[in-house]
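Mind looking over this structure? Questions follow.
Per-chain numbering from 1; labels A, B, C and D assigned in written order.
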Amino acid sequence: MSLTISALLPLALHISFTFALDNGLAITPQMGWNTWNHFGCDISEDIIMGAAKAIISNNLTRFGYEYVVMDDCWQAPARDPGTGAPVADPTKFPNGVKALSDEIHAMGLKFGIYSDAGTYTCGGRFGSLGYEEIDAQTYASWGVDYLKYDNCYNEGLAGTPKISHDRYANMSRALNATGRPILYSMCNWGEDGPWNFATTISNSWRISGDIHDDFDRFDERCPCTTILDCKLPGFHCAMSRIIDFAAPVGQKAGPGHWNDLDMLEVGNGGMSFDEYVTHFSMWSLLKSPLILGNDVTNMTNETLTIITNKALIDVNQDSAGSPANRLWKRAIAVGGDLQLWAGSLANNQFVIALLNTSPNGQTVDVEFSDVFVDQGPAYQQGTYTVYDLWQKDSTGQWGKNVGTFTGAIRRVQIG
Amino acid sequence: MSLTISALLPLALHISFTFALDNGLAITPQMGWNTWNHFGCDISEDIIMGAAKAIISNNLTRFGYEYVVMDDCWQAPARDPGTGAPVADPTKFPNGVKALSDEIHAMGLKFGIYSDAGTYTCGGRFGSLGYEEIDAQTYASWGVDYLKYDNCYNEGLAGTPKISHDRYANMSRALNATGRPILYSMCNWGEDGPWNFATTISNSWRISGDIHDDFDRFDERCPCTTILDCKLPGFHCAMSRIIDFAAPVGQKAGPGHWNDLDMLEVGNGGMSFDEYVTHFSMWSLLKSPLILGNDVTNMTNETLTIITNKALIDVNQDSAGSPANRLWKRAIAVGGDLQLWAGSLANNQFVIALLNTSPNGQTVDVEFSDVFVDQGPAYQQGTYTVYDLWQKDSTGQWGKNVGTFTGAIRRVQIG
Amino acid sequence: MSLTISALLPLALHISFTFALDNGLAITPQMGWNTWNHFGCDISEDIIMGAAKAIISNNLTRFGYEYVVMDDCWQAPARDPGTGAPVADPTKFPNGVKALSDEIHAMGLKFGIYSDAGTYTCGGRFGSLGYEEIDAQTYASWGVDYLKYDNCYNEGLAGTPKISHDRYANMSRALNATGRPILYSMCNWGEDGPWNFATTISNSWRISGDIHDDFDRFDERCPCTTILDCKLPGFHCAMSRIIDFAAPVGQKAGPGHWNDLDMLEVGNGGMSFDEYVTHFSMWSLLKSPLILGNDVTNMTNETLTIITNKALIDVNQDSAGSPANRLWKRAIAVGGDLQLWAGSLANNQFVIALLNTSPNGQTVDVEFSDVFVDQGPAYQQGTYTVYDLWQKDSTGQWGKNVGTFTGAIRRVQIG
Amino acid sequence: MSLTISALLPLALHISFTFALDNGLAITPQMGWNTWNHFGCDISEDIIMGAAKAIISNNLTRFGYEYVVMDDCWQAPARDPGTGAPVADPTKFPNGVKALSDEIHAMGLKFGIYSDAGTYTCGGRFGSLGYEEIDAQTYASWGVDYLKYDNCYNEGLAGTPKISHDRYANMSRALNATGRPILYSMCNWGEDGPWNFATTISNSWRISGDIHDDFDRFDERCPCTTILDCKLPGFHCAMSRIIDFAAPVGQKAGPGHWNDLDMLEVGNGGMSFDEYVTHFSMWSLLKSPLILGNDVTNMTNETLTIITNKALIDVNQDSAGSPANRLWKRAIAVGGDLQLWAGSLANNQFVIALLNTSPNGQTVDVEFSDVFVDQGPAYQQGTYTVYDLWQKDSTGQWGKNVGTFTGAIRRVQIG
């Protein structure tokens, strides 16, 4: 499904800039775990600490997973009536957020929190609109390292890039003003084109409605066919649809400012092993943040195999920070389509993916004239060593050497 | 046409929030009667009192119908020149609005009124734009319980969610400031996406141009093919088109804040019995307010049968407040289409509807994998008792037990 | 091509409101002549007086043509450097605009002028943006009765209804403040939907880019396929395309506030006699202002026959002020399409048009269920006397009685 | 591929206005050379001086090429910390920009610079947003004659014509305030329709995302199918796609204010000779600025032949300043399409182009009724002398006389 090409040609010069929020974070896409996809609103100190311990015990930190993010529903019914500061639910978090954060830090992990650029959060707790400064200060005092910032109940403050930008920039400034580096993960579902306006105010921005743990089923609750001017991002967006959404906006991401394709569903049960492989591969190639969304205290070997594929994670964390591009998408008669993606990595390496959403296996030629459309004739006529990132080679390393090729890679088996 | 499935599986946890206008109203969709669809501008105290009496004499209150709403054209030619307060037409309402409201309250009903967030109402009377406070205060002094607030002659104050939100929020605040709970029924025809911005300022919002008493005829005066960015909601929207419009936005409604599919046409003569059954069923499943629009002083048995279907009304008023979703829509060769809708009810019950807009009856399998796409494999493989909500069973209750099923409900007859 | 049906059924109640600019003008669509379509920028006192005299000598006033409108290029190179007041080109208008206006008034005609809601007019003369008051005052002092107000060089003041409304409302207020009734003819090419926002500030509004003297040729300079959110109205819009554009917005017009389909091309040579008949018929049915755009000093009998068809003008000037609706539009295999239009007139009369843009004659049944879709079954089953508005009957009146019909008019010959 | 018709008919009157930025520049489309397409960020005084010398030694000034434009990446890492003035990279430009500008002026050429209407340039250097005055003053003090002004990192200041207009007008005013005539080349990629709002504030405006050196390959990074409301102009736009984009907006250009189709790729190697001929021809006919983007120090004879085609340059620089229009575009069964373009030149001459994007040669009739759709029957029936602008005639002049024609030019061979 995914190949890295080690090119034998001289290095090409690459330019890469970093203009994200000036906090030095997310130079590569952030990695971690978030409560929402598996636990929804039913969270507590115990659940979060359980996950943190499982991250450690499963050695996930070795692969880069470091942020433990507490999503919606951590809040008490109301802010502190005196100060207006945010307050956590005392039942779910009897020791407070600071204690939880300290524990997580003590384990060598980082701690993330959630709020919403509106009157209420999506789960109906108090939102941060109009409370940006006190909330940012409180988060900093709690040792928060990461903020996921949602878009519900925004009082109509959307509809032009300027309105959306200004609402989200308020929190960006407030976070910076704390002096604590806090990764700022915008979640406005792609409204008004954050890939255009958010690169300098955030470390990542969601591009669509919420992911659903499904391979490619169309759901009317995720109604838009493109995200470029979507008036209802919705939710229940199948994994493959988010890949479609991401195709045109990859060009806007880079070190410190990423397109967020939403949290991973790997291990949540709605897709087959092969489908989760596709999911994890494409999130990696598209340089999406890799935020696990499953129950890490209870994982199958299959799940663990996928989320710890070092070769794919290396692609995601590659220093060039360049999302793969879709070279073509071809409809298949029996339904679904076939897609060729390719991306540049550092050290003159490249990654290729063939994505097949049809029900059958497909055999196809990958032409180097397509793969290297940006690099030109010299690359298109080159000779390459090809690895398969889903098989280990004889030395036990990810990436099995499957041969040396010139020109097209003929008869690639996809499935 | 409509089935309730009594599931034998354990209760699933559901989260539901209430963030509508903080007035405690419309926890379930409002029900009642409105003058417009049948009487248009030709209204008077006599007509409204006649309808109120017919609501009582037909026992409609027992089914939940409680609001008697006086739509456009109740106004005098001009406001009070001294105070600027709204004044009713003294010919049509010789005893004034307060007296009418008192009479209606004395009958155990609630009283609604109409105005417009513009310079004029759609019928050309004075609008409330710039008069929000005095109008709300006057309505409260008249004992008004409900305001339908229209969108004509709005002086260009539309085009972004912010502009529309702010114009409608002005009246929301004014109503709240009266101290009287007044249900706030927005009618901006879906412009700028009220499902996104109006959930916290109103109890319901219209989603389209005005309904027309027709099953599915396309009329160029209702030109948009989607409501997500419709620049001319218009009117003469056939009933089936409004169902199409509603499909993606069901996700945005819930207790206290509903999508309003417009007032009912049942009994007005433009559709057949079967078509009105579909109309009433779908309005119920989609959790639209159920506001009768016919002449309730002169109803056929067929009309009465439809609007007093307790089983459907129970679906509409179900405490979970969760609109049905459209699982699929399939074109039929002879024209029209077939649609599967399903929704969750409280107590782990579910409702299914098959909507057929083709000229012929259709036989189709309903797969539980579709019906329970949100609930997952355990539900998809469950065994259910199925009732038909349009036939009484042997005990005289709505909902005939038509058998116990596992997997797909095969050979459902639609028509 | 066009029929009036004299119904034998009782009068239906109709509601019609007048909320246009509160100047009492254009209660029926304005009629007159304008310099632009034939003379463009090459205008002068002589040309305008020549046209005015021809209007009188051809008895056009008897048919309702009364406004003589001087379009762009009447201006001097600059405003009065001292007062900022507009100044006319002294070469083209040696006696000044006031003298011309007086002469035209002396002939029993009314006088119109042109300016632009921007920095420059479309022809590059000084515009009125920022000069609304002094310009309106000057026009009033010149005895101007009509202002066509264009949209070029508007400095980006478009893009939302609010921005466009406010720019055009400035001139509306300025005209009203003069105390002289001046018909206000907005020409913003449909940008931001004037049918939604301009009904209370103007007497008519253009709905599209400029008409081209052509029946139905697509021209890429008029690129939009709908006007509902057209970002480039352009020009060179063929006559039939403007009819397509007008179909959904007819609902928004009425006494005092009209959709302007642009000035007539009848007599300018780009269409055949039959095509001009269609042009004049549809402008009449759609209640467009009827502003002649040809050289009235040099007209063929054919041209005169068309523009003085009293029966069609009566339809246009009918007191109900209700534009015809398009009931259906059907593609024809050889190209083009067939359209059924019908509209209500005062006194329970109706007008029908079958519009054929295909190259061949077509035979079609007109079903009364379509024609009377708004009126319902009683009308659909009625018996009618039918007149053909393009043939005189034996008494020399327009409208030949072609029989009495019940139900569908079968085998209508269109061509 | 391209023909000029010398008409034998009398001169038609033409009106042309000049309302661009009131600086007297770009009365015909600007011509010159720019660093970006070939050198990207790797620029220096040496590279620019090398190019300037090559322009002289290749006699390109004789053909009109005069501006030498230094694109992005000339800047130091930061502005002058004391004054805030822009500072050049001291390594790349050891003698400073003023010295470079003086040298270029001494060679008889003009000097252009680049900046961005945002916080950063696209290449990550300091942008000019909020620094318009000091930047314009500094450019003037450096002897800058031309500013290309880009659109990256604009902080959400886009989305309505008003917002984009105001941001770009700030620099327009600042440039004018310097007193030095500086050609203002807007580069906002067509966002919000600069053809509508920028005609009075700039000399040219880009209409699309960046060109890619490719004939017609679709690239998802240039996703829009029209530019009229494109929310992601992107880059990697193939040459033929930009021609499609340009078709509807030609009407908005004229002396002093041009549609900029982006810099030329002729000579950069991504297209064949015939494809570059098409590229140069269409840029000429559409009155795009002709800014070379290749390495002028190292050109093949083929490249030189194309960019010095005097006949085409004369079309581009024709005093009427009227971009060609597309009369039709016809799909071809094997893929691609065939297009007819025609434009008016001064002195009653005309230019025709047949554009073929299919893989095969095509034979087609060019009907004078299409070519002269704007001029009418007299022209459509005229007799013309036809020249082929890509072949020299016997006297060594560009434009081979290929015969005299009446009516259609039959059997034009396109290749």
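Quick notes on this one:
In this section, a contact is a pair of C-beta atoms (placed from the backbone, for glycine too) under 8 Å apart; a residue touches a chain by one contact, two chains touch by 3 or more.
Remember, predicted model here, so these are calculated numbers, not experimental data.
Chains that count as touching both subunit B and subunit C, per the definition above, do not exist in this structure. Traced through touching neighbours, the fewest hops from subunit B to subunit D number 2. Residues touching across the subunit C-subunit D interface largely differ between the two copies, under half of the numbers being common to both. Superposing the C-alpha atoms of subunit A onto those of subunit D requires a rotation of 90 degrees, given to the nearest 5. Look at where the CA atoms of subunit A average out and do the same for subunit B: the two points lie 39 Å apart.
Rounded to a whole number, the gap between the C-alpha centres of subunit A and subunit C is 56 angstrom.
Touching two or more other chains at once are residues 160, 229 of subunit C.
Arrangement of the chains shown, judged by which pairs touch: one closed cycle in which each chain has exactly two touching partners. Working note: touching chain pairs come out as A-B, A-D, B-C, C-D. Subunit D contributes residues 13, 15, 17-19, 160-162, 164-166, 169, 192-193, 195-197, 199-200, 226, 228-229, 247-251, 325-326, 373-374, 376-377 to its touches with subunit C in the complex. By the touch criterion stated above, subunit D contacts subunit A in their complex at residues 40-42, 119-120, 123-124, 153-160, 163, 217, 219-221, 223-224, 229, 231-232, 234-236, 269-270.
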